[in-house]
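Multiple structures are listed underneath, in structure tokens.
Here come two complexes built around chain A, the first alongside chain B, the second alongside chain C.
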Partner chain A sequence: MKRARKITIARWSVLVGCAGCLEMIARTGVIRRSTLAPVSEIVLTLWKSFLPGGIQARLLNDSSMAANFFMTFGEILLSFSFAVLIGFPVGILLWKCKTLARILSPYLVSYYAIPVFALYPIIVGVFGIGLLSITFMGWLFAIVAIIINTATGFDEVDKRIYPKVGKSLRLSRWRIFLWIYVPAATPYIFTGLKLGFIYSIIGVIASEFILSTKGLGHLVRFSYSAFETEIMYASMVLIVIMAVLVNSVLMRIEAWLYGRQAK
Partner chain B sequence: MTMSKGNGVLIKLGVVAVPILILLVWQVSSNLFSYLFLPTPLKTFSVLKAGLGWSGWLLSDLKDTLIELAVGYLFAVVLGLAAGFVLGVNRLLREVAEPFVLNIYAIPKVTLFPIFLFIFGLGMESKIAFGFFHGIFPIIILTMGAIKDIKNIYLKVGRSFRLNPLQVFKEIVFPSTLPSVMTGLRLGFNLSFIGVILGEMAASKSGLGYALMKSEGAFYMEKIICIVGVLAVIAIAINYLYYAVEGRLGRAHGRQGLQY
Partner chain C sequence: MVVLEVRNLGKIYAVHEVDGLSVEALKEINLIVSKGEFISIIGPSGCGKSTLFGLIGGLFESTSGEVLIEGERVNGPHRDIGMVFQEDSAFPWLTSLENVEFGMKMSGVNKRERQGKAKEMIELVGLYGFENHYPGELSGGMRQRVAIARTLVMDPKIILMDEPFGALDEQTRVLLGEELLRICDRIGATVLFVTHSISESVMLSDRVYVMSCRPGTFKKVIDIDIPRPRSSSTIATKRFGEITDEIWKELKGETGKAMRVVSCGIEEG
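Showing the complex of A and B:
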């Protein structure tokens, strides 16, 4: 246990050390203020921006950092929910229908090889700039990870023993699926959900960054061109904190699920 | 997996049918839904032909993108393998660095692009650096994991044969980490590609991503579709190259090849 604590302390010292170095570099003026704001001021800006009326209205056209944050998070949740709602049944379909799975497999394999964001201009051409295009982009980036992991998860369930147990207990096909297959495939499926959620975040924020009028990604881009360095860094920090929190929680749950099944 | 022959033919037909189906849907929807401003496939192909022909509109942007990708990816491979090796060998360093590496891998790196613009400017350098920054993390993660997972018994065998460090690397470390490392290199390539294209789309003066956004502004849908197609072909070709190597390695080591 003592070693684990030392490691944790070392990690935090690295983090604090880096922040301290950046603070020093910015304070001593080695790098101009317009390029690098001191960490303390970034944190202060972030804090103030969440208070009502704390951030310059001219920059955000009367919507606060909080409003942009909730906008972005809403888009992420929306795109992720639709990705699950459609990806999960499609994954089950691919598991049940092997022919279809084998037909689509070369295309699914290549999917994440393609820089999917290149499709964004086409999507904007069809849906226009706004919530619909951004959510669609997040959905598009997330869904295939969910499909693939759902199909693989059910595929990996031991077909020799598990269904026989269900049959000997005289369970209906639906109950065998719900009580045996779903729990057995849960770790894999969860990995798909984890990837899907992370991809939703990336898809939504990247789309906002490239072309949009609202949201955190847009805020970074806009404050960059408006030379509002502190607000730019503050929104970056907010995005990074959000992504790291979500990622850490999902990784913990994933480790717990795999550990439980290994026992 | 055993399968009847009829099924195999059906699958092959299906694989071929998918692009034909997409072309058909494209043709029909470009005719039916005029409000989508979707050009017909034939018109798009003629634009593509003009773009790839002698001094076509695509070539100079394609060249810049490929240069950025090649240089950025090369840096990611060299430094990623080195960092992955160090972190794989040194347990203390690995345990301290792991959460940083895993979390940076998961954050939407595109928001950090302005920092690259501050440091490297609007030219190709910022795209190279951004491609590098995207590609290096999967390479580090998979190399680190592969080195860490080398079975201790292999190293013991090496010791009992009195292999020198170079021989240990050549006979034990290299072959047992190769399959994982190849996967890391493939994923790194994909992310480097995304990084370069995203960088070009966000702020650039050349490259296919830049051409995409320029065509978007001019609402030149034919060009947009052509560029997406070219990007897809490049990405898929390189990935199948990697898959071929990975599959061969997987078989040589008695492991199942990646299904997806």
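Showing the complex of A and C:
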């Protein structure tokens, strides 16, 4: 058997082993059922919650699991997309305009030291409760990671040699940027995108705890207070699966853009 | 047939615009290169070799004089000039093959044609079997082969090389030099080679131009009459030693001069 295959098997074993341990702990009653549901029941609940009429809508906050999932996923995508749409150009601007970068750098560097969630009353005051405030929170959390990493990525491109290569091939400034600078900065840009996406998830889910009546974040809080432990864990598992899947999609795009070295 | 002609080329850098301080990096450079010739320019570091390289390649503008390719005055980078740099310039995000294809892709050559040409060139520079490797998986010498192939594949009339083996170890350097001779012979390339290695210049060239320092100008031209084909064993011949010695005597004074100048780096542009 090949080494790579063995490693793949070992990786899955870790996951299965952890799930098995949790199952045992829950089944033997070491931790109360109301606190920790057995993994098998979580998976079953997750499955049933996607079937029509499988779980009473009342338990799912009067909507299906799928509806809650797509609500949250939509908010995350929306906030992430806007963070990229604005963060990427701003990152480029900071790279091009060194004075601006110097002016803003202390703010950008200390940005994540600020507990943004402590400011939620302001956001509620301005945007109200619902999609807009949640998306805004996800956006606010994600954008600076994208700005910083984009600017750093372009800064780190070897300026001694790459522009000379482009020039000697008679490329325009725009094509040098597009075909040399952008791919050269890709590892940093994608670090920013991956971080930004994770921050979007955190921003959206955490906002849903307090600012929403729908979505997975709300469902976690709602089922927690309603002692619906299985539904709570099912929602958590769904959040984790979503995060892992999108992250691996981003990694694949990066590997495709930057060759095998990205791994 | 004259491929490249450099007439009275000069470059003055304004060091301090307010004070009007300036440094004359190059002065009265005259050079004629015929088709198929291999010409080396040698000089101490900081004498303006790289400035001259950049001026001929059109990377920056001269203050005086002109550069002509087949009698036609050039401004800026020219299609007929290919450049190979000292620095590691192979793009790490592209495979060897994609690196070699890059220039053709940018000038709109279709995929089939450019892949065919790139594969041929990869084979010529001895990278057969490494087409799908990324530069990170190759040695320094192999990466420089990729860079050379990327330039050669554009079929330039003259190839400018700025210390292309400068960052490599001695053995790789000698071997790649030998390879370069073989490749140039195969495709009948015309090469202008900038170096600070005496033995490299003697080994490769038909003619060596020795530069003086501050301002950089050609101090002496030495014809290398060692018959071709040459190989690494040429180094052991008596004639090789004599010519090397002659160039070294010319350079000696200049190197001393260059070392007395505090800031030489400015000419590297």
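Convention: the second predicted complex is superposed on the first by the 229 of 263 C-alpha atoms of A that agree within 3 Å, B and C clash if a C-alpha of one lies under 4 Å from a C-alpha of the other, contacts with A are read in each partner's own complex, and residues count from 1 in each chain.
Definition applied: a residue touches a chain if its C-beta (ideal position, glycine included) is under 8 Å from a C-beta of that chain, and two chains touch if they have at least 3 such contacts.
Computed from a predicted structure; not experimentally measured.
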> After superposition on the shared chain, which partner residues are touched by A:236: those of chain B (first), chain C (second), both, or neither?
Replying inline: first
>> Looking at A:255 after the superposition, I want to know if it touches chain B, chain C, both of them or none. Which is it: first, second, both, neither?
In response: neither
> Looking at the overlay, does A:210 come into contact with chain B only (first), chain C only (second), both, or neither?
Replying inline: first
> For A:104, is the partner it touches chain B (first), chain C (second), both, or none of the two (neither)?
Replying inline: first
>> Looking at A:21 after the superposition, I want to know if it touches chain B, chain C, both of them or none. Which is it: first, second, both, neither?
In response: neither
>> Between chain C and chain B, which one touches more residues of chain A when both complexes sit on the common chain A?
In response: B
> Between chain B (first) and chain C (second), which, if any, makes contact with A:178: first, second, both or neither?
Replying inline: neither
>> Let me test your reading of the model: by the given contact rule, A:161 touches which partner, first (chain B), second (chain C), both or neither?
In response: second
> Where on chain A do the contacts with chain B and the contacts with chain C coincide?
Replying inline: none
> In the complex formed with chain A, which residues of chain C make contact?
Replying inline: 57-59, 76-79, 81-83, 85, 87-89, 91-95, 102-103, 106-107, 134, 136, 154
> Across the complex, what residues on chain A touch chain B?
Replying inline: 7, 10-11, 14, 35-36, 99-100, 102-110, 112-122, 124-126, 148, 152, 155, 198, 201-202, 205-206, 209-211, 216-217, 220-221, 224, 232, 235-236, 239-240, 243-244, 247-248, 251
> Which residues, counting only chain A, touch chain C once they are in their complex?
Replying inline: 158, 160-162, 164-165, 167-171, 175, 179-180, 183-184, 186, 257-261
> Tell me, which parts of chain B touch chain A in their complex?
Replying inline: 7, 10-11, 14-15, 17-18, 36-37, 92, 95-96, 99-100, 102-103, 106-108, 110-114, 117-118, 190, 193-194, 197-198, 201-202, 208-209, 212-213, 215-216, 219, 221, 224-225, 227-228, 231-232, 235-236, 238-240, 243, 259-260
